[in-house]
């Protein structure tokens, strides 16, 4: 159930972002379903493989896709329990995403192209720098709630005081930035740039085509939806299922809109600035942690 | 009487310290032999005549005739430069040897000896130290030999001080004397003389790290 | 009957007596057979103990007194690990050493010593008395030292081996001082006497003793800053041995630390934090240096340091748990440490074996010269990939399980204690996460550059895949890795007995019951993950049934004449990282002029990584000491009179001092 | 019986010297060995009795006597090999054999004599014999070494003699003229302590030539450099033990006086300096024989330190001396083989020994490692006990320093061993004589003996050893 929701969201998401962007730049953008159509087309198309590549290049997109799906399986959505929930499942979540990244990087290295190596190296660095932020954030949530799994943490947060919601907002903001890094959007990376030298994610998939490319696009969209879900979960206070869905969709849409705005009004950082930006996430997470420590008067 | 001899003995020590000709060295050694003879004669008059003769022979024949003769023989045979070539200037040697005498006097103070044994000990110990000092500060093997002889005289004198009751120790001293001289004679006579022309130990220092 | 702990020596004896008289190949199998004998006789009692049987012990009558060989659960756990890796290494070695048919004498010595080494490691875990322990410990170092020397023709090996041997001796020096101190305080020289220490000698003394032992064992297990032997010795050794060394030897050090920790009841909290600090530093520094290495085996060696760090975090956590009286934390910490010990020895030996295959196929382990081996050596590259994913702690493989246990322990600990504890724990979490990320960076680099892309250098003979004798043990290890990854709750059952030694039994029971559900959740998730992959593959097959699959050159972004030298290199892959952590990791470039006709002077650059800690802490001071000692070479100057002068001065000085005393 | 033994030794030596036939020399050596064995057994039978009023068969002397007998067997065996190899003329051969006999006999005398003067005489005799033996090869170097040995040794002996005279003076003040050790220890308590200090100081310096201990350690190194390897083995073990026994007798006798503390400090620092010098020179040693010599210096330093720790450590000290004798002699015997194979002792010009002669190389490696005290060497046990004793005696910092120095020494051993045994030869290294199995097997026996005595000592042995120290 959750997975279906997330997938649907994921399919609609990129379109929404595009619409926002084009509206803001005064154009009449493509339809909401355009990206979906692209993916379907890609799934049907044949594909071209480089002679340099081996079996890893072929299996990698599948594995990273599967990784993201199974990561999304541990996420509850408001009243709907996650498929499986156990203590420390957020560790599993983030490491599954890590596995996805690992495969993506390895696949990029497989082509032996100078550009894709570049992208791969950047991807690896950004992931390496971003992961601690996420774990520290959840560390502070654990400190705050005293529970160790998504479901419990979120339920306690939702039934909590105003401070809980304050924490929720900060966490949401952090995860929003985190998403920008993980899915390599502006200001970390510009998917629409024309120069491979400055790309991170797009340059890694230069050689993928057909089904695999479709999978990669889909998984990238999925990442959005998954993090959107995490954000939404902070605010899905107890309500009947349908209200919950409405709120969920609303938050996801808002998330998309926000991304759209960011993308239209911000420019890309210089490559050398990215690490600082990502490290700032970690310090933000630490701020949250300290805030909670103060609140709990330890 | 004995005290005078001892004093002369210590003077010889000082004189050796500042002697710059090898011949002077040799004469001093001979003189020391004679002095030892005198001292023995005065001290050990009550021991068995056999031991006495032994000692007298040792002092007269060996110390004051054989050794000096042998040394001068070596000198002439190997045409050794006559200078003693010390590392330390004579002035300092003089001071240091005096220091030895004083030091040994101080030491003898700790030993609770009666008066004339004290004198004996002082001179003997001083000549012991002087002998080593001579060896340390002179270059030539031959000078080392002479230094060793001085040391030996010191030891001998030391053994005399208790020789009255333990003649065996004195004999052991003599034994040592003869033994070493035999060894060294052997070495000198059949090797070193013609293996090393100029007998300075600079060419006896190949074994090192 | 089989639980008589003397029997493993049979293997040693038959190795020492029989092996030298065979020709190399049969000698090799002979030594493998002896290892099997050792393994059988040591595993049977170990299994009995692990399955809940009581402690196996054999009395030992020596001239120095009555000792006994004791096999308790902790020893059993390590014995299992030692046997797995040693057997795998010995089997792998058969083919690996088969490449040196002309060096009969070396081979015989090597084969004869391999079982000795194996047995010595086992006996180290069996001895309770420190004197015998140290003796066997030294025999272990000595045998491994002689084994390393098999590669003596490779330049630098002698130096590395000497370095290894000396540092092992230094560790023994610390152990000795610790032992004497213990004897001085309690009058006994065995691990069990540590327990009585605090009552008899007070907390400070026992802490001091602990530190001595910790340093001693830390040198063996390669904690920062005692690690400096490790990155030189592992690459120098032949690969099957580096597998064993990195897999097991350093774990013996871990065994020692655990042994001391569980025996010392006092000041647990201090000890815990000490271990924790060392461990975090080792983890971060190890992986950071691993990233900038060009030598594949050296890279793996530094990774061992990192993993030792992770194990250390586990141990520290467990100790703190005991100190704070929180058994959940203790359980998680020790469980994570024990499991990661096993896991690391598995995937690290797998990785070293793969590196060995690469070395023998291409004749080099310099990453910058390799590339595109994936298509020539598919099995090796697959094994390496599995190992890499496992060592990065990614699901669904075993590395993730142990790291997950440690993580959950840390998260549990966060909100239990005061401010400073919570803060330090979250720092540790951040460090662990960073380590994970860096590991991914490092191994994507290693795997990507070595096995993927196209060859960077043409070798005189084409690299070929390793034979089955090499691949079989690697396959076995891989199976173990995957099995632990998918069915962690089973291995937890095995760890129950060792954990009982460290954590009160009742608590073990209920924590275990709670934790097993979590683990089964994980294994279920891994299953689902696998299912999804298969599903997507089927869809992919269906979708691609009637479409054209073309092949062409890699897209050069418009550039039409790409060549292998344009590929992304290892150093460029790590460049961003290097710039980021500039002060910590130092790489020095040296210019080499190129003699050729160029419009202006051109250089080719070579970069060498540096281990700052090694330079500052070990090499530098050592040079100074040696120079200082060199000053004293005035005695044997060949001058007779100066020889005499020493005696003279000696006498004079003693006399003069005598007067000043008066 | 003992008198007969000495007379026999003299007679046999004289016979060899007069007849000067190789056959006679060898035959009479064998005869003498038999006599040596007999006297050893005889001593064991008459354990604790006096003989010729100045000799005494006590435990300490006896244990070393047995080692001496063993070593004399080995030395004679390897001397045969040595003499056979460098075809000397019968004259030199016979001198060699005669002097060897005299040396063994006089060392026996040192072990057994119970009178200060007599002991001194025997020590003097050893000097004479040794100087003749190291002069055997008769080249410039051996001449120099001999000269230095003779000269410094005679000074040393003179100093020791001075010490004995002081002893005489000291006991004389109590009206006693007997210098047997029993009477000395009876008098020591009442005698003037300063005298006693002087005595010990001079004795220590004097006998340091024989032990090869600081301050007069230097000449022994030179002597070992030029001595034929069997003789070297004998000098560096049996003679060192003789020096130790001499020193130990005086130490034991004087320890009745209340200067034990002082003597211990003296021993501690001489030992410390010895180990330090040894460590320094072994780091930079360039010649195998000198390496062995310096390791001897190290071990004798350890012994002195152990002696200074006193009490139960003495057990370890005796054990250490015994094991060291076995290993060190083995090393020197093997160095003969090495020289026969490579025609050099220079460490840098011997390479890839293992590649050329695996078995011999392994034995060599084992010898060096055993000497360094790496288990399974028995020396590790004695060192362990010594260090434990030091720690318990409260010499913690000394022990730490010692451990550091030993680490350097082991480093030196390892580096040199690897350079010789395993290193790749850059330039072709010539090899000459083949290595025969019969020169390796006895050394293997020695190594086994070391492990056996170290880790699985027979009960009788340990008991006997523990009786030595009381």
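Each chain gets a letter, A, B, C and D, in the order it is written, and its residues are counted from 1.
Definition applied: a contact is a pair of C-beta atoms (placed from the backbone, for glycine too) under 8 Å apart; a residue touches a chain by one contact, two chains touch by 3 or more.
Here the structure is a predicted model, which is why all the values come from computation and not from measurement.
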| item | value |
| --- | --- |
| Chains touching both chain B and chain C | D |
| Selected pair, greater C-beta contact count between A-C and B-D | A-C |
| Chain whose average C-alpha position is farthest from chain C's own | B |
| Chain B-chain D separation of Cα centroids, rounded to whole Å | 32 |
| Centroid distance [mean C-alpha coordinates] between chain C and chain A, Å | 36 |
| Whole-Å gap separating chain A and chain D, where each centre is the average of the chain's CA atoms | 79 |
| Chain C and chain D: spacing of chain centres that average the CA atoms, whole Å | 44 |
| Residue list for chain C, restricted to those that touch at least two other chains | 633, 636, 640, 644, 647, 655 |
| Overlap residues in chain D, where contacts from two or more other chains coincide | 147-148, 151, 155, 194, 281, 284 |
| All pairs of touching chains, each written as two labels joined by a dash | A-C, B-C, B-D, C-D |
| Touch list for chain C against partner chain B, complex | 633, 636-642, 644-645, 647-648, 655, 659 |
| Touching residues (chain side chain D, partner chain C) in the complex | 147-148, 151-152, 155-156, 159, 194, 197, 201-202, 205, 208, 214-216, 218-219, 221, 266, 276-277, 279-281, 283-284, 354-355, 358, 362, 369, 374-376, 380, 384, 387-388, 391-392, 399-400, 403-404, 407-408, 410-411, 414-415, 418-419, 422-424, 455-457, 459, 462 |
| Sites on chain C touched by chain D in the complex | 62-63, 105-106, 108-109, 131, 134-136, 138-139, 142, 149, 152-153, 155, 158, 161-162, 165-166, 169-170, 173, 176-177, 180-181, 183-184, 626, 629-630, 632-633, 635-636, 640, 643-644, 646-647, 649-651, 654-655, 658 |
| Interface residues, chain D side, partner chain B - complex | 117, 120-121, 124, 128, 131, 140-141, 143-148, 150-151, 154-155, 157-158, 161-162, 164-165, 168-169, 172-173, 177, 179, 192, 194-195, 198, 222, 225-226, 281, 284-286, 290 |
| Interface residues, chain B side, partner chain C - complex | 103, 106-107, 129, 132-133, 135-138, 144, 201, 204-209 |
